[in-house]
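First chain written, first letter: the chains are A, B, C, D, E and F, and each begins at residue 1.
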Amino acid sequence: MNKVKIIIRGIIKENPVFVLLLGLCPVLGVTTSAYNGFGMGLATAFVLLMSNLVVSLIKNFIPNKVRIPSFIVIIASFVTIVQLVMEAFLPDLFDALGLFIPLIVVNCLVLGRSEAFASKNDTFSAVTDGLAMGMGFTMALTALGALREILGSYSIFGYSFVEGDGMLVFVLAPGAFIGLGYLTAIFLKIIGER
Amino acid sequence: MKTFKTGGVHPPEKKFSENQPIEVLPLPETVSIPLSQHLGAPAVPVINKGDKVKTGQLIAKGESFISANIHSSVTGTVTKIDDVIDASGYRKKAVIIKVEEDQWDESIDTSDTLKKDCDLTSEDIVKKVNQMGIVGMGGAAFPSHVKLSVPKGKKAEYLLINGAECEPYLTSDHRLMLEKGEELMVGITIKMKALGVNKSVIGIEKNKPDAIEYLCELAKEYEGITVEPLKVKYPQGGEKQLIKALVNREVPSGKLPIEVGCIVHNVGTTFAVYEAVQKNKPLIERVVTVTGINIEKPSNLLARIGTPVSAIIEAAGGIPSNTGKVVSGGPMMGKALSNFEAPVTKGTSGILVFPKEASQRVTQLNCIRCAKCVNTCPMTLEPYLLALLSDKKRYEMCENNMIMDCIECGSCHYVCPSGRPLLDNIRVGKAKVGQVIRERK
Amino acid sequence: MNEIVLYSVLSIGSLGTLMALVLYIVAQRFKVIEDPRIDQVEDKLPGANCGGCGYAGCRNFAEEIVKAGTLEGFNCPPGGSEVLSEVASVLGLEAEEQESMVAVVLCSGSRQVAPPKTRFEGLNTCEFAHSLYAGLSGCPYGCLGEGDCVVSCNFDAMCMDENTGLPVIIEEKCVACGACVKACPRNIIELRKKGKKSRRIFVSCINREKGGVARKNCKVACIGCGRCVKECKFEAITLENNLAYIDFNKCTLCRKCPQECPTSAIHEINFPPRKPKEKKENKTAEA
Amino acid sequence: MSLLTVSGSPHVHADDSVRKIMYGVIISLVPAMLVSFYFFGLGALIITLTAVVSCLVFEFLIQKYLIKGPVTIWDGSAIITGVLLAFNVPSNLPLWIVVVGSFVAIGMGKMTFGGLGKNPFNPALVGRVFMMISFPVQMTTWPKPIPLSTQLTDVVTGPTALAVIKDGVGRGEKVSQLLPKVPEYTDLFIGNMGGSLGEVSAIALILGGLYMLLRKIITWHIPVSFIGSVFIFTGIMWLVNPEIYIDPVFHLITGGLMLGAIYMATDMVTSPMTPAGMLIFGVGCGILTVVIRVFGAYPEGVSFAILIMNAFVPIIDRSFKPKRFGEEVKNG
Amino acid sequence: MAKKESTFANMVLTLLMVTAIAAFTLSMIYNVTKEPIERGRYERKQAAISFVVPEFDELKTRFFMPADGRDSLEFNFAYKDGELVGVAVETYTMMGFSGYISAMVGFYPDGTIYDVVHLQHEETPGLGDKIQKDVSDWSDQFQGFDPSEKTLKVRQDQGDVDGITAATITARAYCDAINRAYLTLMKNLDQIDMSLEE
Amino acid sequence: MEYIFIIIGAIFVNNIVLAQFLGICPYIGVSGKVSTSVGMSGAVMFVMTLATIVTYLIFNFILIPLDITYLQTISYILVIASLVQMVEIILKKVSPALYQALGIFLPLMTTNCAILGVAILTVQNEYNLLQGVVFAIANAIGFGLAIILFAGIREQLDLVDVPKGMKGAPAALVVAGIMALAFMGFAGLV
């Protein structure tokens, strides 16, 4: 498939969050601010990219019955790497993302892409796909984070623009669902699915 | 006061014609007698184009068990046997006869005298009913001989006579009870004999006190017949509701009344059975109520089968200028006509003419889940749910929610404050589910 | 090498080995024989087990799709269309390249040529209307105009013409899925060969009533006069029950018959305008 | 003569409509409204008007420009939502918050799902809980009632009776010590206390409820089971330890219980359809209310309880079907 | 290249290889990041300590049981020129809206509070998170607060601390944490040596 | 009492789906029908309990003694993935009926954050084994409650016509949001 097409598909037509509805836990869990969303997006994108790369490299050596355990171990390794590196060099972000870093492992998106795409395509396509999906994911997380931050804290990337506390709901659990709901509707409308 | 327990409505009664005695409608110029006026297989014509027929002569034969004979209602020449437009605008096979005179078949006793005794055996009675083409005149036009032949292994205990006439506007049964009370009693006795039962109850709604009083008086002379006044509530005349009201039995879902030992007949049917058995007269005419808010002269007319609706309305003073809807039957269950040429059939109990402003449905909003339809449904179904499910084509869910139990009484639509077309939806669902069930068999 | 490395490799390595061992043994001991195609299909699926398809995981999806033997109603969000076509090849469902078809509406009874004689109220579906009465114009065969077909089309290839009250098929979008054909209670829609340059000739009427009767309700009804049958040199037109039908396999698009039809019931579409003749009124199937 | 109309039966319709039902509710709300104007003055009037008008405007805008369907703002339901939303907020709430609340109630609570009848949750409560969580400070400063005041700002504020008790008990004080700090029961009953606009006057709300019962707009099942279960549950706790748990009568006439039980839980769109289901629903609301009131972080639990039970409605409706005619044959 | 069959040897070997390589890589990275992680933690703690006590040049750490006998608290004695200038106590409470809150409380040697900074909490953003210095200056009111004269309770509880609007629970909990540190300090006062010596 | 707090906390106050955001994908994905969501809840309960026990053992008897807790993620997921696969194979053979009811949902478990999340939370909250098991079961009940109610509402929304733009996922997410809003009422219960 055309590489450009792969990228566009990852970001728009099959946006992992808005269209495929995959990997929603971190999407909802960490997007209290645009910065957190962006960080989480990058972390996931990194794992996605690397695991796609490795899986597509070694796909032929893995027998079927242990495919899932093997893939998931590979993914888990990259997740742990992210975890360790982030804790070492970005401790604040690490604190904010908390539990959701290890949960990148079970992010259906990552395993799904490894299985669906990387294990069947050549390395270059796999990497492109990882990149595209990662970008789509990061974009969605940042957008949701920004929305929740704007409404919930009257600020964006930490710069507050209006005095006051913001609408707390958007910082809390319900706001995540609601924000994602309406963002999804808007996204689908814009890309012409509705 | 007896009545059925769950649900039901009480629409304004508007029985304008209840004090109008039955009048005989003059013969029309032509009649068109449909070959399928009853439930079951259409009858097969036994005459040909150009044949001369007499009043009461057999013109089509019901060949299968659930079917009914059809007789000529006039004397004249058969001009054609062809598709004619029916009430819904579709074309159905019918025999069209040009009326020439009114010469009755010799075998028919046309006198008015009451003939009380009947020495036929029960089989002969049923045979006679079959020959004379009697069908239920309460609505469904189900061949009466079928109901009178109790299936093996079942036992009838009660013959229930349906004089509820719960539909607003309609008065034909009411007038019949007042004017042909004695004949009715004889008819009942005959049917009791045919069925081998010794108990019969006539259920009459309380808004017909004169009929109740009169029949009570008469019933004293007939063994086993009682008259039961009923609370005014629609659809009291529905078979299952009537049974619940009169003998407090519930017909199980999907079963026939005989399951609980009951047979229900309409008063019109009973009169027709009397005439068939005692006078040898086939079902060629019936009482039709013509009424409506703007109708000049609401009346009860004795009309020959096959008379066009236009002729009937003419007799009641003509079609008012602002007519918006014409309904055959009662306002709750009747069928809206798409033209005036449709003929009166054995099942036509009334012709209602609605002015334009009353013929439009109320504006339709979303269902607000008010549960009025649920509380009103006499079969305790959930009409709102059935309608939604049917709309979304979830037919198996419809079946699970017992859509086939719906008696199409329309109470749900009547009460719905949102004006949902509940029964429309349910009808589509019923048709689909019925199809599925038939295919499964 | 410090001991952390040693411990890590040892413990995780042995955990891995152990799991492989256990999995192997379990897989051997508890083998269940199944349709091998399920495995093959599952192989093609993404294996994300995300549940996006509405089934409980990829395996379940594979089982259901093998059981169903058709792709209809199945969709795998992460895999997308490619995966589905791969699945199709496994199941041998690859629809062999057919000559492309398109839906056409076989009724031209617009409000203008078949004026309404009644008003209809209530549930606005053709299915219900069909069960209730013959139709606004009185034609018991014609289009009821409530748009069941439009609703059934998943490809936005149909719309209702507000003016005529008839459905219109948008040729470019129609994929000939046949949903509308099934939806119409009166069987008014037919899938026909798209034809050379998208040109088609067909009788846009399905009324089987006698000519006079049909004509009374609708000016453009086929009256079964048979002139087109005589005109057609290729025996593409048959007349049955007062209704002419053009077989699209035989029709050579010679354009003779439309001129003959006294009621303009025969439609020709996507042809260049005729030189001398006057234009035909309303061509329903045009986009 | 005009064209004949063809339609399925029945051909007549009861003299009843959604609009009649909705305006009936609005009429029944009048007493409570008057009481709120009396005790909270001009502020109450302004808040009520703001809420109603903004609900109508938002409904209009969404129906017209987003859904692009028919505009049905005058069916009365948006007015009820507005009034009930206003009834659920303190009278000194900044108006912009009222507008936000109306937007959430109508936009998110109702129109998201397609408008009247389709919303799974009570719109006014969605709006109220949204405000409650988003603007906890503003939503929990309750003005003290000053009859017929025209003052709009700087009103004297104080906690609601429920909050006084809850806070006190939380600190370890005894109920008997706290009781003097709350208004007399008769005052509580007629509504002379701090609190949301419409919730204060039990008597006016009961009056409205009786009117709706008489007009058959609501049935008794939900209010009675709701209030009854609160009474029984708190009664048991009170009997067990009257020093920690206040008496049931107090629970009945404070907080939004009456408002909730009579107007919000009975919203037919978001409550079960069968009597059995309604009873379950009411009892569920009652128990949750008490649990949240007594053990939870919020002093008041009615809104949450009803909203939570709204989520149960589809399951309740599935589980409590009416007994079908002819289902259980008992012949005799 | 053909895909490997699911034979026994293949399965075990593959999984062994994958896990072993993964574990090896990870442990290498762990070794690299361990030090920065620990240093980061250490530095953050140091930062917190230096935030809540006056300038110092030496630290001494000891643990003391609190008055209620629960988990011991870490006391960091800060000395300047051998003189005790302050005590930074790492304290906690479970009474927060979401349970656990930990904080570093600094005292002058006389028991007056120098400053307080939170270490960890899960209070609601926008409500309870006002205990954070970077969110609100609410906790500045503790600077110079002398618990022996004023009561370490929020006003609603008849104390001298201004509550956080709409987050009394958090404020109450924070007071509880500080109070714990203070009480522990007082209880163990006799054991605390004022000079660096010994 | 402690257990009651764990249970109430896990089911209502910190509901795994509505407050903790774990297991959202199956929550959105498998909630189209009430019957499926019931099966899903059963499977979650089964696997969650099992996984919590196994990972608890691994953590306390391998990772802690060897001081390699940084390998928590990788070891947990390895075990969970294999465990799920194993249970599925066994169940299919041993009890086809149970497999039909629960087993078909098992593959969804590997990528269900809730399972790994609860395993990690058990360690983070420093529960002992019994507490861990209670915690896991309670969380599974919380998941079941949320998803079954949600499925009920979604079935109902399916019947009424939701506006085109909101149909499907958007409306479902808003419903989830309002449910989360309602569940905030439980705040402070424990």
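Here, a contact is a pair of C-beta atoms (placed from the backbone, for glycine too) under 8 Å apart; a residue touches a chain by one contact, two chains touch by 3 or more.
Note that the structure is a prediction, hence the values are computed from the model and not measured.
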Label-sorted list of chains bordering both chain A and chain F is C, D, E
Could you give the fewest steps needed to travel from chain C to chain D through chains in contact?
-> 1
When B-C and D-E are ranked by contacting C-beta pairs, first comes B-C
Farthest chain from chain A by C-alpha centroid distance is chain B
Measure off the straight-line distance from the CA centroid of chain E to the CA centroid of chain F, and report it in whole Å.
-> 32
Chain centres from averaged Cα atoms put chain C and chain F apart, in whole Å, by 41
For chain B and chain F, let me know how many angstrom lie between their CA-based centres, rounded off.
-> 60
Two or more other chains are touched by the chain D residues 4-8, 108, 112, 114, 117-118, 130, 133, 136-137, 297
Note the residues in chain E that touch 2 or more other chains, in rising order.
-> 6, 11, 14-15, 18-19, 22-23, 26-27, 30, 97, 127, 169
On chain C, where are the residues touching two or more other chains?
-> 4, 8, 11-12, 15-16, 19-20, 23-24, 27, 48-50, 52, 117-118, 121-123, 128, 132-133
Looking at the whole structure, which two-chain pairs count as touching?
-> A-C, A-D, A-E, A-F, B-C, B-D, B-F, C-D, C-E, C-F, D-E, D-F, E-F
Which of the residues in chain C end up touching chain B in this complex?
-> 117-118, 121-123, 125, 127-128, 131-135, 138, 140, 209
In the complex, the residues of chain C that touch chain E are 2, 4-5, 8-9, 11-13, 15-17, 19-21, 23-24, 27
Of all residues in chain E, those that touch chain A in their complex | 1-7, 10-11, 14-15, 18-19, 22, 25-26, 29-30, 33, 36-37, 40-41, 44, 124-127
Name, in rising order, each residue of chain E that touches chain C in their complex.
-> 6, 8, 11-12, 14-16, 18-20, 22-24, 26-28, 30-31
Flag every residue of chain B that touches chain F in the complex, lowest number first.
-> 366-367, 385, 388-389, 391-392
